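Have a look at the structure that comes next, please.
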């Protein structure tokens, strides 16, 4: 399993764009929002937590279809399925690799981009924390979507259509934590709910992902 | 006493549903006509909402069917995954577009009702938003069925999506309620609510709901028959190719 | 541990392909599968590998003892030959890759990126993967595609060593591998009959 994780990370670095691409997309998105709504600092500051969360979510979505598609094309997915690794383990490692290459850079970069959107001072730690807690759930849910659509020729659009509604609760609670943090309100409830959703998806969704992957490999 | 699972045989299902279908259709049309005419012309106007309240006879039944269609799909998906009855998977597939259309009707009538009441066509009210999310789930489910070529693979994948989707739909519902408390009035029908609709509105509403449910059943029976025949045709064509 | 397959029926995409497939292997034996294109060789191997369910029949061997060699080699173009092999060795419990490299004459290429290999070299690397899995039963699907005569001889030698070490192999191939001791199973006569009309209504395939 560690070998698989290491291989995926090596591939992400060598294939180029593994770490950088999602991050660049995130930056462009934030810039486009600023262009779109105008440079007024007050408005940007108010919508900054939401924009950053939606941006992180879309950047995450961008790289989902690569989780299994490449392995499927070169046959290594079939070979992994016959290897002594449980399918649930393969799926979890894939999700972890996706989070390290996509989610983690976004978490680290988000406060920096918050600066560009004039996010109020108290918001930074909460933005960082909410993304840190929430993005693993995004990766795990996305892995489920990727496993669901791995056999399809034009799976990309379908993947977005299936995964985005599943992202709704994470987005709501995550953005709520960031918003309340920025406005200095009490945020224990959404924070706990966000953490609960993340723990729940981490614990249960790999089983569903493994099941659909087995079906797709048939 | 024969087992319920006998109807999982496609042949038996088609035979039985063909016999039942005309009755269900006639009954549903009758209920709809009676309920709607009663509701629209023979009930008083609400003292606060005026005539606009009468859209309730479309809004509430369609919303009810929209949600319960998803429950029916969930049940059918579970039956497919556990007992591998093809008819069950095809019934889930057949119900999805009907449920999606019911969701659209509920959303549209909600908007039309909301305009005079709240002064706006759309508000990010938790109930409306939940329905929007439900609609997105329907779309994803239908699209996945359409995208996968092999019938059994598609049935397996959509069933698991339906189960996972149900969990996330419930989560979304609570998330949305947390996110915005909303303008929507409370449930129109429930066992324990104190603020229920008055009896004059209640009886025609029940008839309308019965009409919508029967209408849903009729459509699903018809569409399941179609799916069975389409499936059978593909199988025959595959047989032809094998020579 | 021997392998026994009894009355196996398999299907692809809902269409039955083969029925009544039965054979047995003891350690040290190999079986060659023959049959025209589309006769179900790949599907049979995938079923034996546990990737898809059988319609009927029994398999008496542990799916954890199978090393599957598919049409695709499962190589990553951005990793070197040694890295690719080390990865598969690590997944299967960390065998030494040196003997596998030697058996398929890949030592000189060990630091080359897999993407820069020729088709035949990739295939050799794909076959070398079987040796690092340490699994007893090799299931090979057209292993000699794009191999030259010399490489086929290397492959035959590797299979023979595997068998001598108590391994087993089921190989689908069209060409003569130079393994005269292997049993041959012709899949042609095992083609599944069309389902009866009545069953067909009941189960629709």
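Per-chain residue numbering starts at 1, and chain names A, B and C are given in the order in which the chains are listed.
Following the convention adopted for this analysis, a residue touches a chain if its C-beta (ideal position, glycine included) is under 8 Å from a C-beta of that chain, and two chains touch if they have at least 3 such contacts.
Quantities reported herein were computed from a predicted structural model and do not represent experimental measurements.
Contact topology of the protein chains: fully connected, every pair of chains touching.
Looking at A-B and B-C side by side, the one with more C-beta contacts is A-B.
Of all chains shown, A has the CA centroid lying nearest to the centroid of every protein CA atom. Note on chain placement: the centre of chain A and the centre of chain C lie 37 Å apart, centres being C-alpha means. Note on chain placement: the centre of chain A and the centre of chain B lie 32 Å apart, centres being C-alpha means. A separation of 48 Å divides the Cα centre of chain B from that of chain C.
The set of chain A residues touching two or more other chains comprises 218.
Interface residues of chain C, counted against chain B in their complex, comprise 13-15, 194-195, 200-205. Looking at the complex, you find that chain B touches chain C at residues 9-11, 86, 150-152, 228, 231-232, 235, 238-239, 242. Interface of chain C with chain A (complex): residues 49-53, 63-64, 66-68, 70-79, 83, 86-88, 90-93, 129, 133. Within the complex, the chain B residues that touch chain A are 133, 136-137, 139-140, 143-144, 147-148, 153, 156-157, 160-161, 163-165, 168, 171-172, 174-176, 178-179. If you check the complex, the residues on chain A that touch chain B are 144, 148-149, 151-152, 154-155, 158, 161-162, 164-166, 168-169, 172-173, 176, 189-190, 193, 197, 205, 208, 211-212, 215-216, 218.
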